[in-house]
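These are the structures in question, set out in turn.
You will see two complexes here that share chain A, one where it goes with chain B and one where it goes with chain C.
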Partner chain A sequence: MNPAMLSLELAVIGLALAVLLIDLWTLHEFKHRLGYLAAAGLLVILVASLCCASTGEPPATGFSGMFVQDGLALFFKRIFLAAGVLVVLMGVEFRDRIPMGLGEFFTIILMELAGMMFAASANDFVMVYVAMEMMSVSFYILISFQRSRSYSLEAGVKYLILSALSAGLLVFGIALIFGTSGRTNFAVVAAEGTRLAQNKLFCLGALLVLLGLAFKISAVPMQMWAPDVYQGAPTPVTAFLAIGSKAAGFVLVLRVLFVAAPALALHWGKLFTWAAALTILYGNLCAIPQRSLKRLLGYSSIANAGYILLGVAALNPPGSVAVLYYLAGYAFTLAVIFIVLCLVARDSDDIAVLAGLNRRSPLLALALTLGMISLAGIPPLAGFFGKLLLFKAVLEQAAVHRSYLWLALVAIAGVVISYYYYFGVIRAVYWSEEGPEMTPIAVSAPLKVSMGVCIAAMFYLGLCPDAVLSAAAKAVQALRF
Partner chain B sequence: MQACLFYLFAALTLLCGVLVIANPFTRNPVTSAMFLVLTIVSLAGLFVLLHAFFLAAVQILVYAGAVMVLFLFVIMLLDLKEEERRKIKAGAGVLGLAAAGGIALLMIAVIRQSNAGVGLKPASAEGSTLDLGKRLFTDYALPFELISLVLLVAMIGTVLLSKKDLK
Partner chain C sequence: MSPLTIIFLLPLLTALVLALIPRNFRFSIRGLALLAGLVSMLIAVHAFCKFDGQASPSGFRFEERHAWAPGAGISYHVGADGLNLGLILMGAVVLFAALCVSWRIHTREKEYYILLLLMGGGILGAFASLDLFFFYILHELALVPAFILIGVWGVGKDKNYAAYQITLYLSLGALLVLAGLLAVYLQMPGASRTFDIVELTRYFSAHPMQSGAEHWIFPLLLIGFGILVSLYPFHTWAPLGYGTAPTGAAMIHAGVLKKFGLYGLLRIALPLMPDEAQRWALIIAALGLGNVVLCGAVAMRQRELNMLLGNSSVAHVGFAFLGIASMSLIGFTGAVVVMVAHGFLAALNYALSGYLREELKTLDMDQMGGLLSRLPFIGTVMIMAMMAACGLPGFAGFFGETLVFFGSWHRSEVVTVLAIWGALIVAGVYMLRAIRSIWHGDKQWPGLSDVTNPWRRLPYGLLLAALLVFGCFPRLLTDNIKASVTPVARLMGEEIAGGGSVLKVYGLNSFSPRHPVEDNASGAAVPGGPHR
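This part shows the complex of A and B:
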């Protein structure tokens, strides 16, 4: 047992408790400074994780094999920490729309972040469940935080019920895995993988666990909640759902598939091709008629879950590298878009609020346009290169199995459909009739800096991807194919 | 004797479980809650047969006791009349039954095809409090401590979402 392994997580939890306590002695009008405190703290932890913390080489396990600190865990923890900084800064901007408990708002965001970081390091099905619960319980509260808005409450209740259902499936799956293998540790389960893969009951258990995780990544057939919840939740929380929760779901999918059950994953290529194809089509087709920006992003998030599933379905190392790279780019892209939404979509999030944005604030218009271009996958931004890697991984498999060829075709069709609605947003910014509201929008300095960082990151990832790619390639050494 | 008790408790669990969600005589939620208590108690009986005495005791104390009292409070605070008037749509009922039946058939087929319980190592711990405590504070120390954080978050959330004044 080595508590130093937990230093990043303990630092985040400590920061959360500190914010909770300092909140007691803070006057109401100064509470937003707690957000700056939290963001600064997270930034320090992020920098520490980049230079001081162990590199995850060699991978270290601790707490009776419950917790693993390897390259994969660290890669995702850095994404989570960066997302956490941006979400907290959005929360500061959002403060006038949170009726009460601003200090607690930041505390719960930090706790949520700690849950995601534990999920990245989970090496045991019990830890998977506990980390998932930590994330879910925090989200129940965060989503319904604007409790005077009925939308927010409705989204909270929907998320609560569907998340409880998916947690039930997950626990049932874990029970079946425990019942057939007698253990819950990933390494121990994997050691008996070939024998267990013959056992139908074990397969059912693994399938149910994956279904529970599919809820977090909003993939078909557990995608129903995403648009409603994205629309109703406070915008910073929506951003965290889209960036953090999805990435946490994917790291768990990778770990369960390629660490705990590699023998099983080999036979499940078909399952994942179907899931990926259906998710891409569902997300893209349903996004077309949307008028609400947050709903649109909800469907776009389903479609993106489908693209990322391409990398999982490829069942090869390049696929998993592409998953990691895509998630890194996706985090910055979505952060930029949600920062703009925080500032612009104040009373309604109908697409009409974007009218004349290029004259109200050229900076925001540019940021939103770049974000949409990256989501659509147009060079030279991060989204393009991520999609390219995913398609390449799938086409490599197509040389072996013909069925991957039509998966690639479906994905390309999805990308083409998505141009329509992503460019619809850009058109609303530049070429729509002037809206009723034409006052310039003031952007606070921290948000300007964070938008600049996100845009720089999008260009950096798209133009010189080598550094992140080699980090991702190191990270997936933890997986077995 | 053991087998008799097992079948008795298993049948009671299933029967009461069905009566919780589909009672032909009444649609009163309080009755459903009471049948849920019976389900939980007979489940505790099954745990006793598996020598998991502590789990059985906790099941009755926490679920049949504390959680059910909470359920009853919530039910009584709601307007029950409206629930009783509400009609179940035929289409939704058929779809729901088909889905549940499909999953049940799948489960049965899977269990029949897999030699359930074959090749398992004997349990490494009995269900006594001593073993449980040792496990909780050695192997499972990390998840156990994390649960305390989950409870803290839940507590903060409950206070926030139910506090009266919006200040």
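This part shows the complex of A and C:
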């Protein structure tokens, strides 16, 4: 047992407690500075994780094998920390729409972040559950933080009920796994994998665990909540749900499948193929008629979960590399989009608020356009290279199983459908009927810098993939196929 | 630094610089864009004049190569041979002309020039690139600009529909191409995977693709590239999209971007999968015939000038497909000449119709007539362009189409006869009728003004001059093209010996009377390889 392994998590929790304490002595009009404090603290932790923290080589486990610090965990923790910085900065911008408890808002975001980081390191089914609950409970509060808005409360209740259902499935699955194998540790379960894969109850347990995780990544059949909750939640929280919660869900899926049950994963290619295809089609088809931008992003997030599932369904190392790469690009892409929404969609998030944005603020118009282009997967941005890797992984598998060719064609159909609504946003920015509100939009310096960083990151990931690609390739060495 | 890098990077970098200039500096914005287009065009002309195909062992000149992302098998690699040199020259000239004719744009000029430069620079880079990654992403750079250009500056009530249609159609084509290219890439063994076209070609000529994979990869590429070039029956996006686009965008899209698909087929699909290509040859020929005859027939019914030009442009693509389907040296050479010639021609036609649209506020041919007396310059140029479109000798298109027919005769006589019929009769009918109803007649048009300023005449003159130069001296193009497509034709089983012009290889000496017919026997292959 080595507490130093937990240094990143402890630092985040310490920061959360510090913010909570300092909040007590901060006057109301200065509360937003807590956000800057939190962002600066997270930035320091992020830089520390990039420079000083152990590289995850060789992987270290601790706490009776429940917690593992390897390349995969670190890769995701860096994504979470970067997302955390951006979300906290969005929260500062959002402060006028949060009636009270701004200090707690930042604290809970940090707690949420700690939960995600624990999820990235989970090496035991109990740890999976604890991390999931840590995330869910924080989100219950965050989603309904705008107490005076009925939409926000509705979204909170919806998330509470469906999340509780999925947690129930997860626990039931874990109980079945524990009942059949007698253990909850991934490594121990994997060691008996071939024998357990014959056991129907074990398979059911693994399936239920995956269903519980499908809720987090908003994949079919657990996708219903996403549009409602995305629409109702405060915009920074929506961003965190879309970036962090989804990435945490995917790291758990990868760990459960390729660390705990690699023997089982081999037989479940078809299951994931179907899940990916249905998720892609559901998300993209339902997004077409949406007028509310956050709802649109909710459906787009379902579709993206489908694309990322392509990488899981490929059941090969390139597929998992693609998942990691895609999530890294997805984080920056969504961050830039949600920053623009924080600034533009103040009273309503109908697509009409974008009218004339090109005149009101060319910078925001450009940022939103680039975000949509990257989300649509058009070169030369991050989303394109991520999709390229996903397609590559699927086509590589198509050489063995011809059915993957159909999966690739479904994905292509989904991408073409998605162009329709992503380009609808671009159209609204550049040539829709101009609305009554035509005042220029002021953008604070920290948000300008964050948008610049996100755009630079999107171009970097789209054009110069080598560094992140090799990091992702190292990270997936923790997985077995 | 290779001149090719400058040719495509200059417009792209200028677009970035323009983004930093405040929007009310209109003169500087337009001046800078024009300067970039002019320099890029001059370098392209210089490179074209300096080109000699024999200089390098790989067959490429002006090569430049840097490691880019070795982990993913991506390198920055540009180079020119006969296949893309003419296209690069054509693209650079069309880009400059498109920037020139945009002087009437007065709303949001800054964005307009940025988007036009992105589109033009991107496609020039795609032609120059010898790495599949850059080949693909530089072409895709045009997707969003085309959408915004049609949406914001487009004309007509259908512009939103047209913007979506062209974007969705082209993105579908591009994604199919992407899947096909990735599948080709994955056919190489794990360690040596690369996106480099030269190395891919070398590898697959030594290790032909294992049967099975190519059965689905070739159709993917054919359909994908086919959608991008408006191959029948995937052509419906083209006429409406071009008809509603602003003049500059229509010129670049119809003239340059559309050639990307044909270029991709010739550069990638045929050399890498020659056997599969042979199997698909008749189908390609039939679809190309569909372009020529059916779209020609559709063009006959159009009463709107831009729709007529759009359908005529789709019909012309059919000739290039027929040339490719012939799977012979002469057909390939003809196809490339058609591509270059049609690029100049389509750009010229859209530039002229754009001028008419601005002056008359309509393109309905029933309302026109008698315009020649008021617009002598535009009228003369347009009549020449329309005659060039129905294949009048002296313009570059004629020579390309002739070569294509020589080539495709051996593939299928019926197809060739029908295509010639489509080219001569159908095109003649709609073009001559259009000339009659637009330019002749006794309608009076007070208040119309012709282009009198020599600077404003420059873009039209440039494009027309290019058509005439390559029409009178086609060997400027064909000698280089022949050298570059010879290996492809050899892969198709054709035996090719000897140098000289492409016609001489086939013993057709009509253009060089000094060689009597018996020259034939001296080793030149008789048309028709073993497959015929």
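The definition used in the following text is that the second predicted complex is superposed on the first by the 481 of 481 C-alpha atoms of A that agree within 3 Å, B and C clash if a C-alpha of one lies under 4 Å from a C-alpha of the other, contacts with A are read in each partner's own complex, and residues count from 1 in each chain.
Keep this in mind: a residue touches a chain if its C-beta (ideal position, glycine included) is under 8 Å from a C-beta of that chain, and two chains touch if they have at least 3 such contacts.
All values derive from a computational prediction rather than experimental measurement.
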Just checking: does A:396 make contact with chain B only, chain C only, both, or neither of them? Give me first, second, both or neither. second
Quick check on the superposed pair: does A:420 touch chain B, chain C, both, or neither? Answer first, second, both or neither. second
Figure out whether A:114 sits in contact with chain B (first) or chain C (second), or with both, or with neither. first
Is A:67 contacted by the first partner chain B, the second partner chain C, both or neither? first
Of the partners chain B and chain C, which touch A:144 in the superposed model: first, second, both, neither? first
Which partner does A:327 contact after superposing on A: first (chain B), second (chain C), both, neither? neither
In the superposed arrangement, does A:470 touch chain B (first), chain C (second), both or neither? second
Look at the residues of chain A and decide whether chain B or chain C touches more of them. B
I'd like to check the shared interface: which positions of chain A are touched by both chain B and chain C across the two complexes? none
Chain B contacts chain A in the complex at 106-107, 110-111, 113-117, 119-121, 138-143, 146-147, 149-150, 152-154, 156-157, 160-161, 163, 166-167
What residues on chain C touch chain A, complex-wise? 68-72, 74, 111, 136-137, 140-141, 143-144, 147-148, 151-152, 160, 163-164, 167-168, 171-172, 175-176, 178-179, 182-183, 185-186, 213, 216
Touching residues of chain A toward chain B in the complex: what are they? 1, 13, 20, 28, 63-64, 66-67, 99-101, 104, 107-108, 111, 114, 118, 124, 126-127, 129-131, 133-134, 137-138, 140-141, 144-145, 147-148, 179-180, 182, 195, 199-204
Within their complex, state which residues of chain A touch chain C. 358, 369, 373, 378-380, 384, 388, 391-392, 395-396, 398-399, 405, 408-409, 412, 415-416, 419-420, 423, 426-427, 430-431, 464-466, 469-470, 473
